[in-house]
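Chain IDs A, B and C follow the sequence of writing; residue 1 opens each chain.
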Amino acid sequence: MILNPLVQQVLDLIGIFAFALSGALLAVRKRFDVVGIVVLAEVTALGGGLFRDLVIGAVPPEAFTTTSYFTTPLVASVVVFFWHPRLTRIRRFVLFFDAIGLGVFCVAGSLKALNHGMHPLAAVALGAATAIGGGAARDLLAGDVPALLHPESEIYAVPALVGSGLVAVLAVTGTLTPITSALAALLAVVVRLLALHYGWRAPLARGGGSL
Amino acid sequence: MILNPLVQQVLDLIGIFAFALSGALLAVRKRFDVVGIVVLAEVTALGGGLFRDLVIGAVPPEAFTTTSYFTTPLVASVVVFFWHPRLTRIRRFVLFFDAIGLGVFCVAGSLKALNHGMHPLAAVALGAATAIGGGAARDLLAGDVPALLHPESEIYAVPALVGSGLVAVLAVTGTLTPITSALAALLAVVVRLLALHYGWRAPLARGGGSL
Amino acid sequence: MILNPLVQQVLDLIGIFAFALSGALLAVRKRFDVVGIVVLAEVTALGGGLFRDLVIGAVPPEAFTTTSYFTTPLVASVVVFFWHPRLTRIRRFVLFFDAIGLGVFCVAGSLKALNHGMHPLAAVALGAATAIGGGAARDLLAGDVPALLHPESEIYAVPALVGSGLVAVLAVTGTLTPITSALAALLAVVVRLLALHYGWRAPLARGGGSL
């Protein structure tokens, strides 16, 4: 709507593909079978958007109405199933695309929430939920505590909030355009990549774990 | 709609009862209390259909509007609470009914999705999600990785996809009738029972677990 | 609607704040970072109501449309982040407010379900789900089996069912007023506090764990 639709869809598919790769690779690491690979790829790629669409009442969700959205994770599953030893060597490559997915999804999520008349603060929350929801579901299904919760992982929710928060500010100030939206996505991507490079972590409350 | 409504409801209730038994039995095995038994029975029996109904926008979901749908798991809970030592000896019996539930649910799920105007490919996915969603939620709540993901369990999602996939093919080719729908459900049941009998498992990607 | 709206909102916010405290404190105990604290606070406080609203078709859910509903858990997160060593000493205080949240939420949930035309039995289930859903999601995300399932915890779902069940009985008998609704909430609170004081637990099926 605000971004050029073709550009938006290409970015969406890149994000979906990257998230699906991360889900499929986790399934291989957990020694799940091919069904597990496909399920984790689909859930990771589509879970966040599915949650957003249910909340804003956009049913049936895009995840089920746009064929390319749920066939793309199948392609990622095939890639991982046959070539995963090479993919682990290019884990940095996957993290890079995952960062792009994060940026695209947090901006696309908050834009869609705003377009459905949600309050800007709710749009910030939904944009972030779109970006981080799929990964959280992936980790839960695989039997792990979601990476975004614990402190050994570089910040992930914060860049998503930066991107979706900037979209809300742009909307409130009437400066939301395709270019500023793209810059918001870019900012989220850059913050995430810097967090990975410099090992930025979120602070802990003092003295936890002793309760 | 396509099946005789009475036949469909009887089959639905058999599926709900079988799924509820599997949830209640897992709760007993995990030493959960009676609340845990009822919650797992309800979630296993109704979770998949609830997800499907939320996705296609059929709210409030059948799980809450059809009284027999959410009282049936209570009956299964009572049965398990008082007679579970006998039920474990008839675990094969439960697996047999669970297979019937799987067949009924994957076909009913994809039929309902098609009736709500979903794309045939989306109907395949939703049919399978209806059949496997409750069991996945059951395993998550009980603290286990969902059985359908890991390779020690006989194939479960595949028979569901066979059933819902056949329904989609029948719909696209204009050959969807009560009889062909019933045959699709029967095929899913037979594939699942054969998988149990012969120990069919889904393949793993080579070299997993070393990443 | 049935309660005085201002009274209801004050009670809702007390319940949200208490549930958020319990989520944030669990995050600290698990050594999650500040993102984990906020996520668990939000999920615990808003998860049950979100589920209820999705099921009855009240979208977008109140959790996203009422600003105070999703800013209150942020306040609770700040409180826990800076003062949690004191909060653990007042764990009894948190359990007390959590009991008030339980009472308010089970009654508010069943009232809202009735107002949306749900069957009384479904309203009982949805009222209980509103009260217990957030805590179940909190425990799952934190990597624990939900406390309400296992038998070492004092009964939690039962007081919720008492409160939402009483609302349904009042509605069916035409005696639902602000005062009787408040009494139903109070009854649920009292049952929960008595359960905590006397260590009431739900019964187990005999011989579980041996299957």
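In the analysis below, a contact is a pair of C-beta atoms (placed from the backbone, for glycine too) under 8 Å apart; a residue touches a chain by one contact, two chains touch by 3 or more.
Since this is a predicted model, take the numbers as computed values, not measurements.
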| item | value |
| --- | --- |
| Intersection of contact partners for chain B and chain C | A |
| Inter-copy rotation, chain A to chain B, in degrees (Cα atoms; steps of 5) | 120 |
| Euclidean distance of C-alpha centroids - chain A vs chain C, Å | 29 |
| Numbers and ranges of chain B residues touching at least 2 other chains | 54, 140 |
| Residues on chain C engaged by chain A in the complex (per definition of touch) | 25, 27-37, 39-40, 50, 54, 59-61, 64-65, 67, 70-71, 80-82, 84-85, 88, 140-143 |
| Complex contact set, residues of chain C against chain B | 54-57, 116, 118-119, 121-122, 125-126, 136, 140, 144-146, 148-151, 155-158, 201-205, 207-209, 211 |
